[in-house]
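Each of the next two complexes has chain A plus one more chain, namely chain B in the first and chain C in the second.
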Partner chain A sequence: MLAFENAPPFAAPLRFFLTAPLFAALAGLLVAFEGPDIFASRWTPGALAATHLITIGFMLQVMLGALIQILPVVAGASLKRPVAVARVVHVGLTVGALLLAAGFFFGAPALLGIAALTLGLSMLFFLAVTVSALIAVPTTSPTIRGIKVALFGLSGVVGLGVVLALALAYGWPLPLMALADLHAGWGLGGWAGVLLAAMAYVVVPMFQLTPGYPARASWWFPLFMLLMLLLWSIGVLGDWSLLVRLGQLGAALAGMAFAGLTLRLQGQRRRARPDATYRYWQLGLILSIFGLFFLLTVAIRPALADIDGWTLMFGVLLIAGGFIPFITGMLYKIVPFLSWTHLQTCGQAKVPAPAMNKILAEPAMHRQLLAYAAALALLLAAIVIPAWLARPAGLAFAVANGWLWWNLAGAIGRYRHHQADIEAKLAAKLTAP
Partner chain B sequence: MTHPKTPHVVDARYMEPPGPFVATMEMLDTLKEGEKMLLLLFREPHPLYKVLRQNGHNYETELLPDGTFEILISR
Partner chain C sequence: MTTIRSFMTDDHRRCDDLFAEAEQAVGKGSFDLARAAFGHFHSAMLAHFDSEEKTLFPTFEAKTGMRMGPTQVMRMEHEQLRSLLDDAAEALKMANAEDYLGLADTLVIMMQQHNMKEENMLYPMCDQHLTAELPAILERLETELCEQ
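Take a look at the complex of A and B:
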């Protein structure tokens, strides 16, 4: 059901997928370089730089690449000139993320300003292209609704991010902490969370052979999350803390409900053997429930946010414990699957494509997963005992993500090898008398 | 498997891709003029929709409460 004749060329998403792990590895190296100081608070220059290397450099990178690839398949909407769009967005995102991280790390207002401009314009371009492709598409499924709401969420997180970067750079008198929380809420909830759910509705049943997501909950989740973020935003604008807390509470509960439902569906899967994607998703679902629990507690008792490590624990659990595992698990399905479908097309039904596990073998993915889980455990422990564990945790995180890059790059190398082989066999068949 | 809407049903809800696409195209080939078939899936098959439109087939889609998309395809 994933005929790819109307899908973009492999080069369009691939550049995003191969760049992303390098950003996560760089974030790990930064933690290792900075050491215990980075865990002092989430507002340290190093913590801000590392966070954005991961959220923009890794998460946003893969999500946009995947969206360019998957829009025709899940929404029937094709981008015009997808490779050109991918090239522009990829360069803007990569340069912008590096500049932003450098701006935070060195406290350089000029870099923050240029980064805000680069990222803002790149995302404006991406939004213009995707919205024009989706505008005529009727909302016939919860996935399409989710994608539309997520794009609104993307505009929210980017808009707030640009304002915050400029406010930091030029000393604008704004309530930076409340706006930064809201920025994170739009990014993790309104954009990443809703997009993740919209994709999960399709890929969890398809790849893990689970039952489908119940229709009513699927329709409501994106709208409910949007409503909670609007309440939170109005709360910040009007300085009504009760509204802010209500929005946070609702967003946390919705996220936990989605994760709980997905765990339940995975428990009913018909695929007997768990693969790396399944294990990565299990890890991500469980840890994101713990992460959202921290948000829930802060929504109920805001004073908890003042406890050392409380908000860091939320961030590490949700981002490094939840989103990175979801995304890595998806990459481990998408890259071999796209390789296989492109090889199928290349063979023109005359030369068969190799099996997907010949492109990326399960043991390689499983070993990297173990390395990532170990890095994650160290990272969480480093919040409690930074003096001993900050540097080992950073190094382990860099190694695990470097390993992810190695696995993906190896898969692409084998894909190219098979492609050349298939083309040679095809040419031999066509020229044979 | 039969269904109140038609006896020709492909239940592809627990099939891995490209199984659903292949099974649907195979069943369409066996239908006579005026007959209909039903495809059951946990997602909307947009690439299949495109092929159906190109080949002149009509289809109607309904989302059931359990998350099943019922796609009724006319020959």
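Take a look at the complex of A and C:
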């Protein structure tokens, strides 16, 4: 019943972590290639393609890899054959994200259809595997509740996404814009937002030695977000705009409250110096509060969404300003730590493993963070003056994410090097008289 | 009511406080202060491991018959933590702030995820299986952890 040692092999999550930055870099290149036109509206083929390269190719990629890794540790739910699951999901996600982006970009119905099928089936498989592992796990912590609610959110965003892609491909008469908003709500709020909170309950106190999240608020946050999305969904189904706006308002306020609370907890941290993870989280928390402010204004006055750049600002602030920094910050802890634990196991307590900063050094992460912050500033400015800044912003975004890949791949290279070294030393010790 | 979970969790938090003091001192560059603070942290950690390995785990194993289960994994992690603690003490002795802070980062995550497993899984199991032995065990843990 206990899953103390059921953490999966490194290869299971690693493939996701190393693929994700490439997708973000590809999105940047797409922006650079398309130039100012991509900022004309969120509905341009380029903007839709770039958005999904990031949300599926980067965000979903890392989130699923991390879930495969941590489900046994935080929820005691071990997946059967984690490496096989990881392989199937990773291929489905990677191929599906590329097909979907190509389908949007070239306006190709057939590609959209195949992408919807590939992504839908991969996610159905992932959900089946995780739900069957979680079903017997009692909900004993806010984190477990958060993960369960988030998986429900995942089914929501994927279901709506598949319907939207097929509607677009085959011209089904559906209210596409209202459904696309709802799809984004389930994805960013119900799935990514709730999962982020569930992880934050564990990792914020762990990495920064802050006080814990208040228990009642952490139990309620996932359910409240779920309730808001259900209201929003009923509003769309029944065409009751007031209900839609109420759901948006509640979701925005809940997100802002979570980010504000996390900022306050981080203010009470007891670690000696701010590291790259901490700075990435500070950046992400502040910018997601700004991003959610745009959602809040639209919930109160829907006409604001018609202003040029208003919803683009929301999307860039929340996704590129919030989620990517949260995820990058966590990757910078997870990859060195997993490397270290696997090296520990490899050395069998006879050969010591190098500390985390020998796998991935702080200055390398810090410089990448500065590059990412610069890219982000350009990207936000490009919404206002696309003619001048769209291409530089896209290029800078590609460079910053390429750099993230370089840092992570370097860490894995050093991990492999140390692994070979430890194995050699171990063999020498065993053969020595 | 005091349980094994609440008592041992409090001791984890006390160790966290001592760790934070040592790291703060290194951050400020005062190595004498840091060595003293780390000394307190180091001995508090070792006392905590000892009380688990000599008192809590054997009682749990005897009662449940689970000898190769969770307690074995915890013992292995104690070994990893002990070696990290030794390395960090060595880095402090050499006044090498960079190495110390790198080791501290590894130590903090290793320690926190280890604590999480104990607090969320092992201690509740102990409370559940050792109801009859609870007062006696708590008394022993209390003496062992307060002696130092």
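Following the convention adopted for this analysis, the second predicted complex is superposed on the first by the 429 of 433 C-alpha atoms of A that agree within 3 Å, B and C clash if a C-alpha of one lies under 4 Å from a C-alpha of the other, contacts with A are read in each partner's own complex, and residues count from 1 in each chain.
Just so it is clear, contacts are C-beta pairs under 8 Å (C-beta built on N, C-alpha and C of every residue); 3 or more make two chains touch, one makes a residue touch a chain.
This is a predicted model, so every value here is computed, not measured.
**Student:** Sticking to the clash and touch definitions up top, decide whether chain B and chain C on chain A clash or fit.
**Tutor:** Chain B/chain C on chain A - steric clash.
**Student:** Let me test your reading of the model: by the given contact rule, A:Met206 touches which partner, first (chain B), second (chain C), both or neither?
**Tutor:** both
**Student:** Should A:Phe314 be classified as contacting the first partner (chain B), the second (chain C), both, or neither?
**Tutor:** neither
**Student:** Report for A:Phe126: first if it touches chain B alone, second if chain C alone, otherwise both or neither.
**Tutor:** After superposition on chain A, A:Phe126 lies in contact with neither partner.
**Student:** Once the shared chain is lined up, is A:Phe39 touching chain B (first), chain C (second), both, or neither of them?
**Tutor:** neither
**Student:** Mind working out whether A:Ser141 is in touch with chain B, chain C, both or neither, as first, second, both or neither?
**Tutor:** In the superposed model, A:Ser141 contacts both chain B and chain C.
**Student:** Pick one for A:Pro352: touches chain B only (first), chain C only (second), both, or neither.
**Tutor:** The answer is second: A:Pro352 touches chain C but not chain B.
**Student:** Contacts for A:Tyr332 in the overlay, against chain B (first) and chain C (second): which applies, first, second, both or neither?
**Tutor:** neither
**Student:** Once the structures are superposed on A, label A:Pro72 by its partner contacts, choosing first (chain B), second (chain C), both or neither.
**Tutor:** First partner only, chain B.
**Student:** Figure out whether A:Arg270 sits in contact with chain B (first) or chain C (second), or with both, or with neither.
**Tutor:** both
**Student:** When you line up both complexes on chain A, which piece of chain C, out of 22-30, 94-102 or 112-120, runs into chain B?
**Tutor:** So the stretch of chain C colliding with chain B after superposition is 112-120.
**Student:** Give me the intersection of chain A's contacts with chain B and its contacts with chain C, in residue numbers.
**Tutor:** Common to the two interfaces on chain A: residues 2, 4-5, 73-74, 76, 140-141, 202, 205-207, 209, 270, 337.
**Student:** Contact residues on chain A for chain C in the complex?
**Tutor:** 2, 4-5, 73-74, 76, 140-141, 202, 205-207, 209, 270-273, 275, 333, 337, 340-341, 344, 349, 352, 355-358
**Student:** Okay, in this complex, where on chain C does chain A touch?
**Tutor:** 16-17, 19-20, 23-24, 26-27, 69-70, 73-74, 76, 79-80, 83-84, 87, 98-99, 101-106, 108-110, 112-113, 116-117, 120-121, 125
**Student:** Taking the complex as given, what residues does chain A use to touch chain B?
**Tutor:** Result: residues 1-7, 72-76, 140-141, 143, 201-202, 205-207, 209, 211-216, 218, 270, 337 of chain A touch chain B.
**Student:** Under the touch definition given earlier, write down the residues of chain B that touch chain A in their complex.
**Tutor:** Listed in rising order, the residues are 12-14, 16-21, 41-51, 61, 63-69.
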